[in-house]
Structures are given as structure tokens and as C-alpha cells.
């Protein structure tokens, strides 16, 4: 069996192919995740007129490796009064569902883990599991701050999942397919952020809140919850929770690119994959920006934003899109 | 794929759910058991919709209904908890309190 | 695929059993969520992709989370009250199981075969099942209103 | 063509309803009224244009779109403009318009004005929708909406218990008719496969005779409920607790006219069934007699008008029963004008005096002449005094009756029209007559309340001029003038009644109390005052006899107790002979029976825990049992 045959065999088995895609995604995410920690710190330094990490490697780019080594070598502490099994399982559930969600992301027309028919619906479904993982972490820690952080996380996720889904549905209605690949291909002539400005704004805010980034990071607000639902974690488990958050963020910025900025659609001179990664990173940096630019909201304000503003706006957006689609305005897509 | 193992799964879920409904005393657990029964029904609906998709359509309706049921059921449980603190379905046999 | 699905069914049944047997409410809710996910995988294995995704989205994402929240709110100590009538229940349920399992052994038809794609389900819901669909939307609305009405605080 | 835009008529009203209900408290009270009035003004103008264009061209218009598909049946929704519907549109929107203007002032101090105007707008909107509908299903939907609105509006002051119960009564009783009508429509749909009027009219003849009769009777049942015909008239007097503009709207434009409109709509079907038409005629004339008779002695200012409405709707239904469709519609038109007028005038009286009992009123003539004169015109028209509209329409009905040649109906009709001037002039004299020295209130009503009354008086006064052109314009022609003697005779009868009423109530030349002393008249008076005791007997029959527990307790008291007492007596006799036998034997048996029942019931009671959980256990056990039985029996 030569390599081509092996590849074709793997390609023909959805299960194996999915596993491989997830692994590739995992590797990608770990590297980009590490990189994005560095980017974030540098970016934050830039915004706050300081240098950020400088010691390890050129421009401190290897800082995350040092962090990783530190995390791995730390004691794996499990709170003795907590629910140990649940506590240990939580980061795994969190990361594995998000990795599974990542397996359907198309990096280029040919580089897709699994081009499933339900596409983006699957992604939303996988996103919806992460509150459970967070609850498990908070509950298992047997720490009231963890639990409060977890509850806030759940409340926030539940309130922002609906506007998020509805703004995605508006795009889906326009394209007529749930497959992310087809959504990207539909953006041949024009990127959707121009056709869906309202939906884009709602989506951006909602994905922000979903990923739990400042200004929506009530779940881990250091000043009152000492770090939130993952406060009891240490060592590699803490690393996993952080990775989970970063995957969430990266998936979010990927979605922004895929749904509204033409995915891998390029201007020519570079291969589509590179374009996609570049765009994702730009989106990532923009998402990170708000952490240093905008102060944190109160939890009730966050919930208000979700239910009283984003939800009606997303419904309005969906209605408008539906009306325009039924009038045939987007038949050229 | 052979129908049998779907049948076994759904029968198993029904039996477990029924056992839970008749033996458990915590209302949330009873709700969980009911969910198991609904899931069992869904498995059959989905697995046997071989000629057309009506079964799958109905299964999606069942999912919607069960979401509504859980929503109302948990609200009632919460109210119960506020009123009695001690939730045990054996104590809740008055129609109105 | 077949063997994988057998394993998943087995896990679903085991975790369903654990839902009933587990003393810890949170554990049983987590087992419940796991069995929901397993059922979703079963759906996917017969080609019901839409239902699989919806199962995970609604059951694990919404129902499971609501269960967890309510367990947190109502039973802080997380322990459930003991079962009663364990053995007679087993006898009764076992009897019923025997009675329905017995005729279903002889069923040998194939399952799956139709593609439960989102488009097809959508067409179905808006044509043949239109009236149930609309009715259910009203049911959902009234459930939301009913739940908020039930759960509201009198003193506010 | 203005007719193509007819579907726009109800739209602004529905929009206003939505705005008023959704923005309820945020809307300024005044704004809500102006919004609703603006919407109804739009409807009124559009209806007038449609009416004029229909009058000039005599053409019909039918627009429809596919509504939904049910199996192989394509259900269409659309609107139909022909002389009948354009006339009804005009009547509805005109009366609504005036009533809305009137309500602006009448409801000025009410807190929940937005709700009132919203519901009022929905009421008018649904009625215009009902009129526009081109098929039975759409009509039924609007029909139900009209019922709902009447429920909401009668119970508008829901803090009052009688308002709440009155609205419930109206809703429930009209529901009886609605169910009959729905079953009629469904019966027709199963046979014909279409709801549309035109298709139905075309293929109705293919049905078997019995089926035709049943269907028509069911549809008539709907009209009976909605139009408050005998025996479902009992909700109307109780509906008087609603605000007066609502009563005006219910009686003049919307609710009760719907039944007559339905009958006029299905007139092509009715013509084919002489049995049904004669039933309708008898029902109508009996209702007319009943209403007029009951109106004679009422004391509530609005209830008299309510019974009068029952009577006049009876006339209209009767006219349809004798195939005088155009007469019926002309009477409907006149009735809308004068009844709205009288109700609005009653509203003025009620606001100014704060009283409802007309025996405590009087001297109202002093309060400015405009309202009394306008009311007088309305009363004259109602009484059927020439040359006002009411006279012409009654003559048309009479002509139609004569063509039928049934002299029982003719005489009943003349009797009923003899009674109308009496009750209405009793009403008028007791309120307005200067011979009654009563104090009048010091509140006065503004021009917004007076203007609609004057406008309606003008219409009621001039309506008679159009009787012949009306007759020609309607799709059914009625041959005139072959019964001049009878016409004069009936007019004389009406004038006699009029004179009698004036003599008794205004000039007081005949003492009413002396008449009352006569036993016969006393009984008649009692029956009239209690509306033939129909309502009371419904209450007694309907709510007591059908209550199973009361029946059971009566049975228990009379028969079971009787048997037991008999046993007791027997036991006493036996015990007097042999006490010891009694102690051991009879008591033992009795106690034994009691104990065994106690024991078995205590066993049975254990099943009834009230826990769903236990019931599910029993369900499980039952399922297992059934399955075992099936297995054993080889199923």
C-alpha cells in the first residue's frame, strides 16, 4: 500500500478522516494558540506603551514555550473536597468538543476535515456543549468562586447563543446551505459583511461574549472572582482550560472570516490556506484589541445586551434577510 | 444496518426510564427519566424512517416538545423548591397549595 | 461502523442506567447528557444528520444545561432521595421488557437509507407536517410564557 | 377601479388595533382615539367610494389569492364586492365612523382608552372583513373575531361583575350558533370541496334534498346565535352592561347584523328550499313578536332598545324567510341608522343623568332641542310612521309577505309592527316628555356626541327617498304596489299604536296603573317584563338540571332515602316483634354491608394517591396485563 492509496483509504473513511482532521486542527490550534498568546501579550504591550515579553527568544516569541514547560512541570492539584472525576474530566470535555467543532473548518477548497451537510449547525451544537464543561469545572472545584464563574458563564452562553445562531441563520438563508464551504464559495463576488452589516455586528458581539473575552469576561473577572471557573486548576489542566478558551477565540475569528470575510478567497499571489490564516489572525488581533480598549461590563448589563438588544436585532436582521431573499434579491449568490 | 440494535437500545432506554419514573422520588430525576423515554421513542422514529422522512420530522417535533416540557417542568420544580425546600414527589400530592 | 455503533448503544444504555442509579444529582445529569450525545451519534449513523446535530444542540446544549442549573438551584447538597420499591420495579419493568423484546427479536429489517438532510427535513416540516409544526411553535411559546409565569417572584 | 382596493378597508383598523394594544400604556389616551377614528374615517371614505361605484356601474368585483392547500383542495382567500356587500360596507363603516367620533367624547375620562379604541377598531375591522369575505371559511374566521370583540367590549368594564358575566354569557351563547354554523360549513365543504361562495352556489343543487335542508338549517343556526333570534336571544339584554357606543355598534352595525348578512349572502341557496325559508320566516316573526312584546315593559333605557333590536332583527330574518331579500336589507339599512341614533341618544341621556331607569327620567326636552328632535326622527322611523325609512322598509317586507300568500304570517307581522310604536314612544315619552316633572342632571354633552346623532337623524330621515332605487339596484327585484289596501291598513294599525302610546305616556289621558290592575294585563305585564321567563328557565334548566350532582342528590333524597326508610320501617316492625333477631340478623347484615364497603373502598382508595408517579405505575401494570392477555390469546 503506497502513500496515495493510504491517503485515499483514509479519505474514504469518514471516521478516520475526521479523527485526522481533528488532530491536524489540534496541532494547528496549539501552535497558533501559543503564538496568539504571544501576539496578545505583544499587542497589549503595544497598546499600553510597554514592551511585553522580551526575554525568551527573539522578541520573546518563545515565551509560550517557557510557559508551557512551567505548566507541565507544575503539580497537578485536585481539590480534595471537590468532585474529583468531574473536575478532571471538565477540561478534556471542553477541549475535545471544541476540537471536534474545529474539524469541520475549511482552510481551503480542498483542505476540509469533514464537509458535513449540517456544517455550521454542528459547530453551534459543539459550542453549546462548552457551558457543560464549564459547569463541570466549577462544580468539581468545590469553590464558590469557581461555581459563580461557571454560572455566569452558562448564563452568558445561553443568552448569546441565540443571537449568534440567528445571525448565522441569516447568512445561511442567503446562501441556502449549511455547509461552510458553500457559504465561502457564495462570497465570490462580494463578502458578506457588506450584505449583512447588522448581522455582522451582532455576530461579532455575540462571538465576543461566547468566547468570554473582555468586555464580556464576567465569568473570570479577576477582581471579584479571582479568575473565575478555572481558579482551582493548575498545571497542564489549567493549560487545557486556557487552550480551550483560545480555541474558542480562534474558532470565533475563523467563523468571522468564513462567514463575513470570504474565508480563503484571495487576492491572488498566495495560496488560499495562507490567506485564510492571515485573515484569521487579523480577526484574532481585532478581537483581542477590545480586551485592552473597553472596560468590563457588569453581568446584568451583559445579559441585557444579549436579550434586549442583540436578540431583537438579530431577529430583525433575519426578517429583513428573509424578506429580501424571498423577493429574489440574492438570487445571484 | 440492522434494526435490532436500535430496537434494543430504545427498549433499554424505555425500560430504564420507566424504572426511574416509578421508583425515583426526586422530581428532576423523574424528568430525566421521562427524557430517556422520549429519546427512546426518537430512536425508533429516526431509525425506522426508511421510506420517507416523516419519522425524522416527527422526531424533531418530539425534541421541540420535550424542550418545552423540561422548561415548564423545571420551572415547577423550582417553584416547589421555593415553597417546600424539601423536594420529594411523595409530598406533592395536593393539586393546589 | 456497525461495531462502533454497538459500542455507542452500549454506552448509552450504561449511562442511562447510571442516570437512575447514581446518587449524585450532578453525576446523573452528566450521564444523562452523555446518553443524549450517544443517541445523537446513533442518529448520525443512520444518516439523520440534521437530527443528530439538533439532538446535541437541544438536548445537551439546552436541556442538559437547564437540568444542571436547576440541580444547582434546588439541591445544593446534590444528593437525591433514595429510590423505593427497587425490586418490585425491576420485576415489573423486566416483565414489560420481556413482553416487548420477545416479538421484536424477529424484526430483521434494515434501517437508515434515507438522508435526513436539513433541506429535506425543512421541506417536510413546511409541507406535510406544517400544522404540527405551527402547533408546536405555539406550544413552545406558551411553555416559555408559562415557565416565566410559574417561576416569577411574587414579592416583586 | 376603486373596487380592487376594497381589501384595504379593514387593514388600517387592524393596524390601529395592533398599535393600541401593543403600545397600550405608552400611547396617550387622546392619540389612541384619534388614530382609531382616522383609520375608520379612511375605511368609511373607501367604502363610500366603493358604494358609489357599485351604485353607478352595478358591477361586481371578485379578487382572490391562494390561501393554502389542503390535500387536493386549494383554499382561496379573497374579497367579493357586489351590491349587497358594498351596502353592508357602507353601513358598517358609516355607523362605526360616527360611533368612533361619539366615543371620543363618551369615553373621554376612561383610563384604558387605548384598549377600548383598539378593540373597537378590531370590531369594525372584523365586521368589514366578514362582509368582504368571498368564502365561508374566511367569513367564519371574521365571524369568530366579531364574537371575540363583542366579548371583549361587553366586558370592557371588567371590574364590574355583571359586565364580566354578561360578556361571558354573550360569548358562550353565540358560541352555540357558531358551532352550528361551523358544522354547516364543514358539511358543505365535505360535499362540495370548496369554501367559496360562487363554487358553493353553483354546485349546491347537486346535493341531496335532506342534506341541503340540514346544511341550510345549520347555517341558519349560526345566524340565530349571532343575530340573537329566538331561542338564543338571551345574551342581548345582558350585553347592555358594556359601554353605550359598543351597544350602538353591536346593534347597529356589527355583531347582530352579521347573521342577517349571512342569510342574505346565502339567499341563492335559500331560494331552493321552501321548507327552510318557512322555518326562517316563523322563527323571525316569532322573534319579532317576542322582542316587541318584551320591550313594552322594560325599565332600563338600553334594555328596551335591546329588545327592540331583537324585534327588528326578527323582522329582517322574517323578510329573508319570505324571500324579501331587498326588503330585509333595506330594513337593515334603516335599522342601522335609527338604532345607532337611539343608542347614541341613550348614551347622551345616561351621561347627563347618570341613570339607567327610564321610570325615573323625564323632562329631557328641556335640555336643548337638537338631541330630542333627532331622537324623535329615529323613533318615528323605528315605529314605521310614514314617510320615514322605517315605513318604507316595513311596507316592502309586507309586500314580500303578501307575495308568499301566507295570511298567518301577514297577521303576525302586522301585530308585531303594531307593538313597535307603543314601546318606542313609551321610551321616548318617559325620557323626554315635559309632562313628567323630573330633575335632569347638570352635565351636558359636547358637540362630538351631538353631531353623530344629528348626522344619523339626517340619514334616518332621508332614507325613505331611496326605497325604489334601492329595490332596483339590489340583485333581487320585488314587485311593488299590488296590495295598496293592505298597505294602508297596516299603516293605520301602526298609527293606532302610535296614538295609543302618545295617549298613555305623553298626554296621560289613559291611566296606565288602572290597566295594570286588571289580572290579565298584570300577567301579561309580568311575562313581558321577564321576557317570557326564557332566560330564567334557561338558568334553571341549563345550569341546574344538567348538573349531575344535583340530580344525583335529588335521586338520593327521593328514591334511595325512600328505599332505606322503607327498610327502616320494615326493620322497626320486625324488631318490635323480635328484638334479638333484629340485633343479630338485620343489624349484622347492615353493618356487614357497610363494613365490607368501607373495607373495599379503603383498598381502592390506596390507588388514588394523586401522584402521577403512581399512576404511571398503574399504566405500566395495565400495559403488562394487556400484553400478557394478547400473548395468551395468541395475538
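Each chain gets a letter, A, B, C and D, in the order it is written, and its residues are counted from 1.
To be clear about the criterion, a residue touches a chain if its C-beta (ideal position, glycine included) is under 8 Å from a C-beta of that chain, and two chains touch if they have at least 3 such contacts.
All figures in this text were calculated on a predicted structure; none of them were measured in a lab.
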Between C-D and B-C, more C-beta pairs in contact link B-C
Expressed in whole Å, how far the mean CA point of chain A lies from that of chain B is 33
Dist(centroid_CA(chain A), centroid_CA(chain D)) in Å evaluates to 64
Chain centres from averaged Cα atoms put chain C and chain D apart, in whole Å, by 51
Chain centres from averaged Cα atoms put chain B and chain C apart, in whole Å, by 6
Chain A residues touching 2+ other chains are none
Shared-interface residues of chain C (touching two or more other chains) are 1, 50, 54, 62, 92-93, 96, 100
Touching at least 2 other chains, the residues of chain D are 617, 620
Contact graph of the chains (line, ring, star, complete, other): other
Residue positions on chain C within touch of chain D in the complex are 92-93, 95-96, 99-100
Note: in the complex, chain C contacts chain A through residues 1, 4, 24, 26-27, 30, 33, 37, 49-50, 52-54, 56-57, 60-62, 64-65, 68-69, 72, 115, 117-118
Listed in rising order, chain B residues that touch chain C in their complex are 1-9, 11-20, 22-26, 28-29, 31-33, 35-36, 39, 42-43, 46-54, 56-61, 63-72, 74-79, 81, 87-88
Chain A residues touching chain C in their complex are 15, 83, 86, 116-118, 121-122, 124-129, 131-132, 135-136, 139, 147, 151, 154, 158, 161, 178
Seen from chain D, its contact residues with chain B in the complex are 609-613, 616-617, 620
